[in-house]
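You will see two complexes here that share chain A, one where it goes with chain B and one where it goes with chain C.
Right, the complex of A and B next:
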């Protein structure tokens, strides 16, 4: 199956999960093996190199003991125990092969095969079927079960019996899911899919219906199919299925893959490792990699299935240019496009000055690509006009955590959640936004860890099968700081803080000052109740639970950062963690859930206008010297422009040219009209993307991008893990993105000569202390590594701040609540907050171009039934959503997930233009936009607004492409 | 058999609430619902799932596992005839066929007038008196078709 063997890539299925007990030595077929106590005999045998036949066991699931194929003989024990459910014991002597067990296995197998279709040659799992393998392994040569005279043999396999009557036991294939099929006739009822849905994914969408010979896998209730059930299409069941019962449609269509390449998913910040399985250069399926340390063999619907966008007809494969944005696009050669772009940029600099152009790096691209784009600004444009889309998501995280702890990153690895006792989720929706982490969290919660949710909306985690939050604080949007400070008030005034930790690890004087600040009665839960809408008693109980419940871990997302006080809330969260001593070991910590695959990396790589790679300010001459020496240029000591400054400067005529890689600022940035005006005022906008995105409507040069499947590089996920991205096919557009940036730089006279991204990584390592020991050979060998990785921590850093904070003493910071300027009033009485949904991703450029649209075709507005009733709105109505910035229309859905006074929508679809509504208020420290709070009014409407229709029309015109002039 | 009641959401909720304090309340709830309504009404499933914080699939898995839980109320009389090996060897198969012929019904069917439901059962623990049957919860040893049918004719 593999085209190359990586040492750590041992994909054997060991049958049952790993255990961690004290070492136990036993003998299996005469081979001595030492394993942790609690390990099954099956796993011990596998570790000794001896495979025991099995069907219902797989090492991602706890042993079940139903197939009876794995029976063995154990000296001194009666009978033939199942090796999967029998734990090892010291001195145990196991025999996996004997006449007795061989006979049993053949008998079991014969029964299985008696009710299984013998269509192996035309079966989609041919060659990839464990039932087939086991029939071979046990030496099945005959199936003796025959139909009685004058009657059919009862089976689930044939639609009609021999006399032509319909077979009541037969069920048709369920093809409702767009990505996989369920064929009951091939099912051996091993329960692996049901257990995977429960144990791994935690959705519990599957069950076994009926009993005995009538047993069937069933999704949902009696009338459901897979699509209508609770199934979230994570693919865990398909992966667990040993037969063709649950099978990817792509495999049915294309055949079983013959080679695989390990790479990293390009969707969210979890950064799951996948095996891209291919035939030639045709991708057949993406399978989560069991040794991926972020995902541990799990996946979600996006990474597992939603990769079809890579070959979507909308993808642009040829460079295009135009003189003005009213003209249609002209397809040109790479040479012409790059020459056109370089000449225009240089022209603008000559006419309007060195600082009249800039770049936006992408959190979707690799570290190497991001590094090159900011190098383009600093080393070729000779200014610091570089910003990144992280500006609009996690910039407050970088600032806040940098201030408190000394590093702009999360403190833990994802495995850490397995040791948590209390998990505080604030402003994040892991089961939708970070589904694989969501599943890992739910697993821990089912084991008994307590959950606290602070979110204006009742996210799924608050109450989902087998998980229920101990506390849900449904605060008013925009009052995070007040709530977090009130929690600190309770912890300090009730004496629940960890004095020993604070004395040892933090600045005690600063703590005293902070303690005096939070102890002020105006921060008491009772005092802020009217403001936050959170009942004081509930808030007190929450603070006590967090402070006294054992290992407390905080996970947060954009609901924290995307506020006018985003940075303050991040600091407040850091304060909570330090107050309770929850930093520096497994199970605790402060964990930002990063929205995009490489938000962490793009920040690390110096994308911000004031920071060189490694979060070092450009004003520091010693840091500039490192890069000046490496690049042979003089680096501007003045910080450059942030995205919003670039747009402001554009409208006032000083900023003229932009190279925007892999970000759709028009759709994703706040206050769309302002962004549009800024872009329209520029004279050279270069969009480098897979698709003609919304920003490209205002572009003069379009450089087609490559997908993550088409290039080498690295992504850094939310746990600082540097994961390899490997090229599995040639770029359809001709070049990997780093090559395109290099072409542009060289056309402007840079003289770069990178031949492979590994050379770029070498430059990063040479210039950036946290990456000093990172190189591709090491990543090949180990799979991944968490930065900092240098001579102090050669193996990387799974947990940070273990013996002390990076900055020395942890710093408590005063977190004064300042209400946002964005307030409700008679004209705009409701608060709009935004979020995302499982099946779609960010602006939807990729997921909208996949079958994921069956789950979410349009953005809808969630509104509380009370608010809907007073406005005469019913379920599914078109409504107009208006703010001080603009208005748009979308359909409404009535739900009590949102409190009265709060409405919610997603921003995945350009037709909705949710960001026409959002304002340009932003975080005081970092300008991260305040997406999460906008005062709005909702009223009934007939359909799209004039803006939406104008916009549609404009976009249509802007996307015209002239036929190639040949 | 208790007379089946009209299904009301309040009635379902009340029955569920009675058992929520128990460890493993699902089976007691299902029994109580069936005692009350004569079956597990489809409308009760979402309420059970919500109250126990489990999924529709899990509720369905449990209900469908037990033959005794019904989706529709049974007839006024329920006649179960054993089809297991011991009874088969003592004429159980013939007994079953004779009863079905006399009633004009198939296995698991209820007569159009709602009088009688006939169901197969796999061992009543009365093998010593095979063939065995059960009429409205009462065991019948050495059962005969005509006698069984007579007993449910009212």
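Right, the complex of A and C next:
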């Protein structure tokens, strides 16, 4: 029995949202309570421990006042006001129970129930239905209303009358959405779903059609169902629904869950908190946790619904080995697989040297697992050959922000957006890639904040219901630096910079040099217009809006980093923030939107070959000493190999063995042929993953992984928030991933003895200053914390660089535009850029194994109608997409979201092989691949290319598994 | 690693530091190479330059070579 309530675990619905006014004291049923001004009487009552019956109110939505169930009496006021819409006042005396209000409530309930089916015992919401609860709470004992004899049926509940005639008011269930159903017969038209779609999600897909007794919830237009409407399946409406009208199909199938565990989503870098609700060890549903500080009770289609991959039949549950990659796999015991892998790796080191093997850590795995994998390289392999998939997404963020501010991380928490006045989104697509943050941003934009979008493509945010960008700069791919520098030119030459901030917080001499640089007329918007394709006047207006519009916040994504000048653009963004004084308080800042759940964490944990945990270079003897003492080994003072260097070194015969945890480098890394050649040249490739991914086609050892539901640990999201991942069921493969790494390390002689990930976190805290005060007990108590969390900032750091930059003075860096070497020409006249779609995630290994495929079965090529017409391409045609690296085929869709000269696709499906096309050009500082700019040609085609067919065939052969030996 | 790629990567780094103010650009190129390239890659670059290919390399890379 629970005898106390953990504050962040109190899930009571207080009826209306929290307010922030001055304290007001009132009395509710004789209980005195003090709440902020603006709070509703209903919420004040709830905070005093008194629940007022309600149906249309819920604390995720503004009060609506339609159900009239929450009426109360207030001394000195006439009538019975609705407690949800009545704000508190000083000295107010409220009575929530009186004969008068009880009678009203019973009357209201009687009317509701008269048009509601009474199939409670067989209803999917039985036991989880607010209508049922309220009928009980108001003491409804009788329903007197019936349809009059010989008249038409006057209800929405009965499909046919007793003569078998159809009831025109009855509507069938809409089961078109793969994850939830809409049953109009159970709807009480409380509007909560419609309001959730507007206020929380911001999609406006739902409405109420008809009036009075004819009112119905409707998705989209007259001919739409839920699937064909604008609905993005975020689940906010299902969450808000008080009855079984909107109900998860998993609950209909499995029954109401009986226990729940709070954990963290393993999809994008927003890091939403969820309650995993279960029966026994069977997951029934994932519901967003209302006290999750990243998501504040919201979710997207991936986290909320797309978890079916965890029990997909493709999942590999037994370790497998093979001597060479042309053989079929053999299922073996864990002992044999680990022994085989360890012997091979040690053998390679003996024959080819200490540095001939390495690891790739995963941005999908936990901090603790990542820490162990890099420790395996540094402490057991005794080299620094460790890299992570963050290499191919946000490594320029690490370098660029490190140079400018002194640390590699976003400066804000997500709540900060609620205080922003101008939001600059550059090279990111939040409504698809980071949907829950996208919703929070849209909410702020609907309140009047201005939006600037810098993106070659017209992303949804540019124009979406009740949101329209003040400026959209549809720049030519590859010209980010020119555009950002031109904005700085306008800000400096027009005197719009924040001199006081710069004098106080930045190096004034460096600013002088920078100001002289950007003031040069060659950086003027007019001078770069021909290059960037952005009209000079529009660029000037954009710069003025950003510099003068109040709190300016910058959010950026891989459209910034994945370029030859990715690091330079990150510095340019930091320059803009410092120029305008937009650092160090709420509502401002520089915010990299991280792609995967633990990109931030994998970078923090020392996954990069040149730095130990906490972004400290391996060349520093004092830092090495900390780990040498903790681990009892000598740490190599020289940087190791990065992913692309490993592959290069493999091709030339120096690099022979790789342990790759939770990343599919063959599909996700650029220039697939080069990756395949590198992998094929290695003698021991160990893939540790949930599925036989594309990389596993070249593997000798397959170690089955565990899902986020099956292990303990922590993820660190894009706002540096360390969130707990909690084991809700036993690992189906037998071991959590950290245990598997430990088995491998120990088979190589490491002698590790971690019994629980909390012990790994203790080691992280002991060795890494930013994590010094982080431990599992604290995370249990607080829910989450944002690093740095140490004696200086014991409560963590929601906002960074508040009183000064981590490096001391902020550093302005000169950002000269340099054209990428990847250029268009007569053979390859178009520029390809790549991105994501809402329903799929990364290489799709998880989401392709869920019903999310109903929204996106294949990658398609977006092409401007003008470019399509000159090539004879029509909607849905197969087209060949060719670059200097390779060619592939996919279907085309014609859209003016992309400008003429630009084409766009996603990379979620291995069949498309988008990375056959991308080149091996990369960021100058970090070698982050240039995914976002590839010169291509598009031509009509009959179907898949020979490479694709060949690849399919090879993949099929590489995935053969021999039956287990007796 | 293919020499072309090595040269391209080194020259990209030099291009950035050319744009930076101060007199220590070659030192900063050397610093970047030491911080982010493993010793094997640095050695390969040196060997490549010694084989008479140093004209492919940016002047800052050439000046940085003795420092890596």
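Observations
We adopt the following convention: the second predicted complex is superposed on the first by the 955 of 966 C-alpha atoms of A that agree within 3 Å, B and C clash if a C-alpha of one lies under 4 Å from a C-alpha of the other, contacts with A are read in each partner's own complex, and residues count from 1 in each chain.
The working rule: a contact is a pair of C-beta atoms (placed from the backbone, for glycine too) under 8 Å apart; a residue touches a chain by one contact, two chains touch by 3 or more.
On a predicted model such as this, the values are computed, not experimentally measured, just so you know.
Contacts of A:463 after superposition on the shared chain: chain B is touched, whereas chain C is not. Within the superposed three-chain model, A:652 lies in touch with chain C and out of touch with chain B [touch as defined at top].
When the two complexes are overlaid on their common chain A, residue A:568 makes contact with chain C while staying clear of chain B.
Legend: residue contacts after superposition of the two complexes on their common chain; A:204 is shown touching chain B, with no touch to chain C.
In the superposition on chain A, A:219 contacts chain B only, with no contact to chain C.
When the two complexes are overlaid on their common chain A, residue A:917 makes contact with neither chain B nor chain C.
In the superposed model, A:814 makes contact with chain C only, not with chain B. Of the two partner chains placed around the shared chain by superposition, neither chain B nor chain C is touched by A:701. In the superposed model, more residues of chain A are touched by C than by the other of chain B and chain C. Legend: residue contacts after superposition of the two complexes on their common chain; A:52 is shown touching neither chain B nor chain C.
Per the touch definition, chain A reaches chain C in the complex via residues 355, 384, 513, 564, 568, 609-610, 617, 619, 638-642, 645, 648-649, 652, 654, 813-816, 818, 821, 920, 922, 924-927. Of all the residues in chain C, the ones that touch chain A in their complex are 1-2, 5, 8-9, 12-13, 15-16, 18-21, 32, 34-41.
On the side of chain A, the complex with chain B involves touching residues 203-211, 218-222, 224, 229-230, 463-468. Looking at the complex, you find that chain B touches chain A at residues 42, 45, 49, 53-61, 64-67, 71.
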